[in-house]
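Right after this note come the structures.
Next come two complexes, and both contain chain A; in the first it sits with chain B, in the second with chain C.
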Partner chain A sequence: MKLPSKLAKWLIALGLLHGAVICAGFFTPYDPGEQDRENTYQPPTHIHLVDSQGHFHIRPFFYRYLNREDFSEPPQEDTTKIIPLRFFAKGARYHLMGFIPLSLHLFCSDPGSGRIYLLGTDAYGRDQFSRILFGGQISLLTGLLGAFVTLLLGASIGTTAGYYGGWRDGLLMRLAELFVALPWLYLLFALRAFLPLAVSPLEAFLLVVVVVGTVGWARPARLIRGIVLSAKERDFVRAARGFGASNTYLLRRHILPETAGVLLTQAAILIPQFVLAEMTLSFLGLGVPEPLASWGNLLANLQQYSVLVSYWWMYLPALAIVPFFVGYLGLASALQEHANPHKIEVGVTGDTV
Partner chain B sequence: MRYFLRRTIQAVLLLFGVSVLTFLFSALAPGNYFDEMRLNPQISSETLASLRAQYQLDRPLPIRYAYWVSSVLRGELGFSFAYNTPVGPLLWVRARNTLLLTLTATLLAWALALPVGIWSAASLGRWPDRALSGATATFLIVPELVLALGLLIFAVRTNWFPTGGFVSTGFETLSPANKLRDIVLHMALPVAALALSSLPILLRHVRAAMAEVLGAPFLRAAEGHGIPRQTLLFKYALRAAANPLISLFGFSLGALLSGSLIVEVVMSWPGLGPLLLEAILARDVYVVIGGVLLSTIFLVGGNFVADMLLYRADPRIRTESAAK
Partner chain C sequence: MRTKRASLLVTLLGLAGLCAAREAASYPHAFTPQQSKSEEELLTLPGELGRPGGRLVVSLRAEPKTLNPLTAVDAPSREVILGAMQADLVHINRATQLTEPALATSWRVSADYLQYTLTLRKGLRFSDGHPMDADDILFTFRVYLDENVHATQRDLLLIGGKPIAVRKVDALTLVFQLPQPYGVGERLFDGLAILPRHLLEKPYTEGKLAETWALSTPANLWAGLGPFRLKEYIPGQRLVLERNPYYWKQDGKGTRLPYLDELDFLFVPSSDAQVLRFQSGDTDVISRLSADNFFLLQRQQRGFTMADAGPGLEYNFVFFNLNDLGEKASSEMARKQKWFREVKFRQAVSLTVDREALVRLVYQGRGAALWGPVTPGNRRWLNTSVPHPARSLDQARRLLKEAGFSWTNASNGDSVLVDSGGKPVEFSILTSSSNADRTKMATLLQDDLKQLGMHVQVAPLEFRSLIERVTQTKEYDACLLGLVSFDADPNSDLNVWLSSGGTHLWNPSQAHPATTWEAEMDHLMEQQLSATTYEQRKKLYDRVQEILAENQPMIFLASPHILAGAKDTVGNFHAAVLEPYVLWNVEQLFQRDGAGSNSK
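What follows is the complex of A and B.
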């Protein structure tokens, strides 16, 4: 089956974005945990082609920032020493996708000559650019796994309710009404409130996935139930049942395939929402803890007033989610358009508020 | 009247369900407020046991629930261990601040969304509509957290708005007019963040609902009769498109409640958000349960108002429920 061009366009864009995050080790110059205590809260490094004497250089270069005594003054570059950028150079060792050991980086500077901080550094002198890309791995993985858990729950509950009907339907749908009735962030908070607080980073990550994943099952469950309800009365399903097909066969062969479209659209809507949920939890200190980087806990620095006032580049992690939002929302509306082309588009987040 | 009775019973059942659900969650929770105390050598285990007995924590779950329900009926909503007071009074003040924020933001967002959405639908496909659709698409992708932090940085750098809090220090000494001005200035940023984050969704719905109605034959007929365009749009078309929008109004309140949780923490607005966060970190279970319950009450209340409006606006619902 050939993909419609609009769908393909969004899929490619999302693929590129995710590729950059998955291969974070290659695209970033440093290890996300590496500290440079001499250069805390460095503003973003400027990349130059023309030096202070007006000479043009083919190879892009940058200057170090002079250490400031008074942080209210604008930072000064040390223009006496030109530090050239090296492309495809060897640097810090890392594991590509977690298992391929490599030390090749897209760009970095010669060791010992000064470090490049594209998006500035944080309180420990860690490179924000590296932390944002590596943090994306955690945040996006939470979104993907959370959406997977939610859809698995939603699909099984919705199918049970729709296919078997009776008291199961009544009970499950009342429960779904409860979950839909609660404002989702309050629900997220309540769930998180009753789970352990002091846990290891990995446990915290899994906890966030579980919490985020259990919050949103009700809406997909209701959608799936509707589809299953109408699908099980279709003529070809009745015919198959008449030939003696078992429940599992009917569900697997005829009914569940009908739900694929809705599941895909829901996934495209839920993933960015869940990434945002991770950001919110971690921002509030209830999610993935330091020293791991995630988009949420990178932003947590902004809760200090001094950071907010003086170091605007600490806000940049907030913007990382925006291109992913564009991609997923575009994908969701392309999927919806694909499913029913004549409806006036309302906006895909509209039905999830 | 039957219609309202049914709605009220549904709402009460819903609240009952939510309270049981949160209570069950809280019972499954590992650890409680007194675990911290147990580590303190100055507090003997007898004191702890008597404290636990005082708050009924040593009883089985159904009895604890019954005890809690009776305190809800007294308006206490359980006991806050961290603040050492009943939860009720603690929550009312915070809830008032949260409501002030969300209601203002809801009204502002709708006051903007209606005329702009109608304008957009009236010029469907031409440049005002395209420009507006582009703008809404842009705002749709900026989440509350990002928006609120961005506004905060803007405020800090320009110094145009106070950052954080409900009132300035020395509020008591101000004249009434200045008091009002102070509160409005403090509200400006959080309300802007909330209204801006819900505006694009509302706009899209208004546009879609109006666009659907504007193609209807009765409106073309009315236009043919020479009824002025303004009257046509705001009196005839809006009424016909009102139904889905009124339902959305109830939902938008819920979305804003969630949104205000984040915005309040970011802008340190003394609403339910910061209180709830504190309570989670301190394992103050009854405050968490109370907060969740209160938010559900707001949401149910919002939907109730929407239902009443719907009942007034749509004669079909009235006849339908009368026929039953």
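What follows is the complex of A and C.
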């Protein structure tokens, strides 16, 4: 099957974005947890090609910021020392994709010569650029796993309700309504109180995935139910049943394939939604704990008024999500178009629910 | 000019007398309101001469729970009651930290330090115009010491478990009999509000004292001796106080204090919101500023005077769970407590803490590194010979090795500290989630301890449940907390150092001291309580500080400076390192332009 070019374009764009996050260790110069206590709240480093004397350099370089005695002063660049950028250089050790030990970085500076902070540093002098890319690993993985759990739940519940109908349908759909009405954020606060005091980062991460994944199944379940309802009355399904096909065969062969388009579109819509949910939870302190980075707890720094008004680069994690969201939503609409080219306006499922 | 002012004062007094006469009719204890001005003995305060009139608006973190000094335990209530509405017999000056005359003009101590004779100021009146005399004081102490009242002050008036006795000599002289010698007896009187017998005796005999003087009390049923009296309370918004015309202080030129006509407390819950209200001009003064917000306001320079009063009396520290958990302890907890009980383990942690970075990162340099509970702000009691070991990872590793710990390499190449049983050293540190400074300290500590191979998790918790875990259920590994002494005197921290104390955080309310050094601390603290000279007490308290440094039950971290600010128009603004940081001289604060704050 050949992919339409529109779909392919979005997939490539998303692939590149995710690649950057997956290979965060290579694209970033430092370990995201490393504290540079001499350089807290440094504004983004400027990369120069022309030095303070007006000479042009082929190799890009940067200046270190002078340390401030008084934090109310904006920092000054130390123009006496040119620090050249090194490309494909050895630096901090990291594990690519979590298991390949490497120390090669796309760019960094010579050790001891001064550190480059493309997007500034936070309260502990940690590199924001590294933290945003590494934070993306957690946020995006939550979104992907959460969407997977949701669709798995939604598809099985929706199919059961739609295909078998009757009391099962009634029960499951009332349950879905209940779930939609639940104030899940408050529930989560309550749930957190029952957990042990210090949850390890992995536990916290899994908790977020489970929570995000289980609260959202009701909507996809209803969509799937609608499709299954209409599909099981189609002539070819009736014909297959007439020839003695079993329920399992019918579901597997004829009905579930019908839902694939909706599931894919739903996935493309749900992933960014769940990334946002993770950010909300981490922002409120219910997500992955410090010192791990996620987009939500990066933004949590902004809860302090002084940070909010003093350090503009602390807003940058909020911008990181924009290309991802554009990518996913573009993919969703391309998928929709692909799955149902004649009914873009109505929407895939508008006529069946 | 002078005669005009004098005549104004006479008119004021005359008016006051009239009011008092009218009110007196409604009270059972009638009195003669005619008291000439010559009988009044006003306290004259030095300082800049102010301009009478105007209004000062201050934000308060929460609504006070009560206006009753007997039941006030929350900080906002205490701030309002003790700071602005009530007065004490002897007062500790928040700027000099020394005692000075207040409602009592003088006090005499007997040679055996058992008897304090206090002489009252003449012509004192409550804010409703009713005269105050020795009977009110007898009544006050009877109430404070009455077990059925459950006054918060009762514990302070028990010395060695026995109460203080009060005897009236004449209308202006009282004798306080102490059960055992107490070095700084006159400091006991600070913060003890004197209650009006004419208003509270009836509820007291009826046993309803604890319920009186709620926030909704009508203004005419409330009376105090402080610079301001109750005017109005608007739930959820503000508490409005007005000038007490009978206040017993005057300025250098004979103008009766306070200068301000009105003092408003706005309820502004978060410190960031308080900064915003101050920036927009809604409030006139601000205290308890974090260093971040201090620099923020300083940078803006919009008619604010920002003040750094230096290190305060807050000390932040980490402590480990050293409670005797008995059978309640899980095997995991028992293993952890074995590390925590090892003094070399605690010393190693202390050696690893980068205190200099804490001060720089958490307090932006506006703070002091600590090696003991006495901050550099308390020069009188600081033991300067307590060693300040420099940060040394090598030494910390050596100590850990001596204590039987070793290191192994984890799968990801990190070095991990393991105990003699081969189990990795992992624990969590509780912090208060509402305190950004302490959470930040814990995160820095986490990174410091990682360098020793300890795996530390930070667990931010809501303050109330944190205190419950530490003092009640005792389900925690380690905790990062701060304490603020209410007075520079060591006695204010008695509860922390005595092993029987409820704030003896690492192992509170012990029946018998668990260790020999805790027993020695108990002994020293009790000795200094009855020692009579400063030199003796200092020597004893110095030893307490040494014991703490040797045994590290608390690993002291850092102390923030007291940072405050006021509008340029506020006169006599001098921040102090003791609470209330800004309002301690509220009677002398004044508005230069007379206008006051623009919010309504």
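As a convention for this text, the second predicted complex is superposed on the first by the 323 of 353 C-alpha atoms of A that agree within 3 Å, B and C clash if a C-alpha of one lies under 4 Å from a C-alpha of the other, contacts with A are read in each partner's own complex, and residues count from 1 in each chain.
One rule holds for everything that comes next: a residue touches a chain if its C-beta (ideal position, glycine included) is under 8 Å from a C-beta of that chain, and two chains touch if they have at least 3 such contacts.
In this text the structure is predicted, and so the values were computed from the model without any measurement.
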item	value
Which of chain B and chain C A:Gln35 touches, first, second, both or neither	second
Partner touching more residues of chain A, whether chain B or chain C	B
First (chain B), second (chain C), both or neither touched by A:Gly242	neither
Which of chain B and chain C A:Trp184 touches, first, second, both or neither	first
Chain B versus chain C as contact partner of A:Ala318, first or second or both or neither	first
Touching partner for A:Gly112 - first (chain B), second (chain C), both, neither	neither
Touched partner set for A:Val309, first chain B, second chain C, both or neither	both
Contacts of A:Gly166 with chain B and chain C, given as first, second, both or neither	neither
Touching both chain B and chain C, residues of chain A	197, 285, 305, 309
Residue ranges of chain B in contact with chain A within the complex	14, 17-18, 21-22, 25-26, 28-31, 136, 140-143, 145-146, 149-150, 152-153, 156-157, 163, 198, 200-201, 204-205, 208, 211-212, 251-252, 254-255, 257-259, 261-262, 265-266, 276-277, 279-281, 283, 285, 288-289, 291-292, 295-296, 299-300
Touching residues on chain A, where the partner in the complex is chain B	174, 177-178, 181-187, 189-197, 276, 279-280, 283-286, 299, 302-303, 305, 308-309, 312, 315, 318-319, 321-322, 325-326, 329, 344-347, 349-350, 353
Complex contacts: residues of chain A adjacent to chain C	33, 35, 37, 40, 69-72, 93, 95, 101, 123-125, 197-198, 200, 285, 289-291, 304-307, 309-310
List of chain C residues in touch with chain A within their complex	272, 275-276, 290, 292-293, 295-296, 298-299, 354, 357, 360-361, 364-365, 412-413, 428, 430, 433, 436, 440, 443-444, 446-447, 457-461, 469, 475-476
